[in-house]
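For reference, chains read A, B, C and D in written order, and residue numbers begin at 1 within each chain.
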Amino acid sequence: MFVVVNLKSYACDPVEIASAAADVADDVDARIAVAPQTAHIERVASTGVETWAQHVDSIEHGSHTGQSLAESVADAGAVGTLLNHSERRLKLADIDGGIHAAKRAGLETVVCANNPAQIGAVTALSPEMVAVEPPELIGTGTPVSHADPDIVSEAVRTANGVDESVPVLCGAGISTGDDVDAAVELGSEGVLLASGVAKVDDPRAVLTDLVTNE
Amino acid sequence: MFVVVNLKSYACDPVEIASAAADVADDVDARIAVAPQTAHIERVASTGVETWAQHVDSIEHGSHTGQSLAESVADAGAVGTLLNHSERRLKLADIDGGIHAAKRAGLETVVCANNPAQIGAVTALSPEMVAVEPPELIGTGTPVSHADPDIVSEAVRTANGVDESVPVLCGAGISTGDDVDAAVELGSEGVLLASGVAKVDDPRAVLTDLVTNE
Amino acid sequence: MFVVVNLKSYACDPVEIASAAADVADDVDARIAVAPQTAHIERVASTGVETWAQHVDSIEHGSHTGQSLAESVADAGAVGTLLNHSERRLKLADIDGGIHAAKRAGLETVVCANNPAQIGAVTALSPEMVAVEPPELIGTGTPVSHADPDIVSEAVRTANGVDESVPVLCGAGISTGDDVDAAVELGSEGVLLASGVAKVDDPRAVLTDLVTNE
Amino acid sequence: MFVVVNLKSYACDPVEIASAAADVADDVDARIAVAPQTAHIERVASTGVETWAQHVDSIEHGSHTGQSLAESVADAGAVGTLLNHSERRLKLADIDGGIHAAKRAGLETVVCANNPAQIGAVTALSPEMVAVEPPELIGTGTPVSHADPDIVSEAVRTANGVDESVPVLCGAGISTGDDVDAAVELGSEGVLLASGVAKVDDPRAVLTDLVTNE
């Protein structure tokens, strides 16, 4: 079970959430990563939590301004990166290029997609993991595993049809351990969360519930 | 064997090339389509040639300005559309949406991609056909089937691994019947051409050579 | 007074609206242009109405697939083009390049922008006209000239401060002659309309009201 | 005189260059800023050098993944940001939105543009500074102040015509104090550099030459 907490550009304290996540991960021996703003990667990584970028660009060292180089985020402490989140949809060629950039820099990748067909597509590009997130459920508090269970199980089926070695995560509306359990039953090997952790009063309690209930 | 002649935004006479293609297709019973500028679809279709769009947007009827609706190009006479050409790379979600838009309007699709991994990805989206075109060979006059035969055969293999019902075309540098033969031997079921037909003095002769030599 | 009817990608009959616009323009000696889907430019132009494109790309003749060349839309009968509509926002460099492409092909330009500061910016690029359209009012039926009159008068003031020779149009929610009158009183020299003409039962009656009431 | 050193995504040591820039700025009482990768802002700022971002997005706190929030880069230590560099061209509306985001977070802005007309456009958006950089000279080692002096003086004239309170910087090919002097004589109040500092053996010597020669 892999839990990725996407801090987006929320008005939260990334270090406080990262510390809570690091503690919970230690306590219950779960894998929890936090994906902060790129400018906050260094301070988040210094908490000891597994730190991910929200995006890297399909570039190498060179003349590229205002883009995020995989080596730079790795250097700052990230060990993985999301790609193609529904709030940062990428050109197909740049998903492919971003996966290569991440591999070059030693970063794992979770490539997001909206539906099972697109999950099949991104699985064909050989990322470490893929994640299905129906955009219409993001931020709703209605977990994808209840609102649209078929989309999760069909995404798992489609991904396996292309490459069985690529695990499928799911996201959108996940906020409790029950949601996580439901996701796991549908074949998901992890979840993406955001507001359910980043915008609550006690992220530690939420994270503990998430990873111990399973 | 399916030949798509992409007129790009070349300074050519689209009607002259379309008429030549219509004649050659009749004479030798080959399938040849011409993909002109969107504004020229109507006049190209009026020659009787099979007419394709170079692109349609992932939209429905509604409030969308400056985008090309699949129904509009179908209305003007197109029966298919290219998508994700390397000169018009799309977001993954928009390739998926463009394929759906095209199906809704009764248009066939050829989805282009740069390399075998991306060919696998777009095949997972269930277009009618896919086309591998290494960007570095486009416009060179060096046919992909000679310069990089492995990319074609690997693209065919990858596409078949995802969905065997989707034929693979290839493009870049194709200009003679020998190039077409080589492409067919590698498993390609068609070719994309552009400058090799659009920028020559006698497009009819080139097209005849292309489709009779096989 | 210049009236531009943007047909967007509405499910309307472009030729019927174009014919109505051509008739009204003749009857009352008003300037009315219709901006259809690019694939419909040829048939709209054949009605005799002043025909505009909704967009052209910042390209020249050459290897560009799936983009709209200014010369092609001119060839099909367009005499002008919108640029940077809020539903097709462009990079600054591409607004500049689009204006140059349009001039090269003999097309007039109306460059849209969301607010007075952006109107100042696009006026500095020397298009034929600019148009202020607050995105939040588009399609509402609440005319910008009533809902936010200051935005129109301030846009006029800002544009004049940069280059007094560039007329300012306005758009969003315009549907009656009274709306047009209000816009003119605020310094606007024309209006952009869309649903107010394209989605009504009797476009001829609406257009007549629009241009005779002033 | 304001010198901005853009580290792009070069394979350089950002802390080493930042330390050199901090020392030179202290020694000669010059204003020198360093713009590293976003993930490196925190470590660069910790050297005491004036630290700038290469880009911020036109967003507020909220649900935005993979975009750079102005408050986050400010938080990490940046006091300004480039916008619309020719390697990261933005939509006009996003330049406007990026300037607003930067002001909200207390960041200064230098908005880049390719030519005098675009400089006039971005000046109308009221950034702190603008910078003209002809893309064809970037990275050439041929300084814009020698290769195309008219573009600099015309940019200054155009910017002043729109808003005299906005200083004009210039960039592309600048690497010596003589280049800087020439830029100043043309009306420029600062320079943007990149490879001339980031890819040399002794950045301290280059920076000293740049700011003491004037």
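One rule holds in what follows: contacts are C-beta pairs under 8 Å (C-beta built on N, C-alpha and C of every residue); 3 or more make two chains touch, one makes a residue touch a chain.
Because the structure is a prediction, the values reported are computed rather than measured.
K.L.:
Counting C-beta pairs in contact, which chain pair has more, A-B or A-D?
P.N.:
Result: the pair with more contacts is A-D.
K.L.:
Let me have the rounded angstrom distance from the C-alpha centre of subunit A over to the C-alpha centre of subunit C, please.
P.N.:
43
K.L.:
As a quick test, compute the distance in whole Å between the mean CA positions of subunit A and subunit D.
P.N.:
33
K.L.:
Measuring centre to centre with CA averages, how many angstrom lie between subunit A and subunit B?
P.N.:
Subunit A and subunit B have C-alpha centres separated by 36 Å.
K.L.:
Taking each residue of subunit B in turn, which ones touch at least two of the other chains?
P.N.:
Where subunit B meets two or more other chains at a single residue, that happens at 86.
K.L.:
Could you draw the chains as nodes, link the ones that touch, and say if you get a line, ring, star, complete or other?
P.N.:
Topology of touching chains reads as a ring, each chain with two neighbours.
K.L.:
When you check every pair of chains, which ones turn out to touch?
P.N.:
Here the touching pairs of chains are A-B, A-D, B-C, C-D.
K.L.:
Across the complex, what residues on subunit D touch subunit C?
P.N.:
For subunit D paired with subunit C, touching residues are 84, 86, 89-96, 113-115, 117-118, 120-126, 158, 161-162.
K.L.:
Which stretch or stretches of subunit D touch subunit A in the complex?
P.N.:
It is residues 6, 8-11, 37-43, 53-55, 59-69, 72-73, 75-76, 78, 82, 85-88, 138-139, 194-195 of subunit D that touch subunit A.
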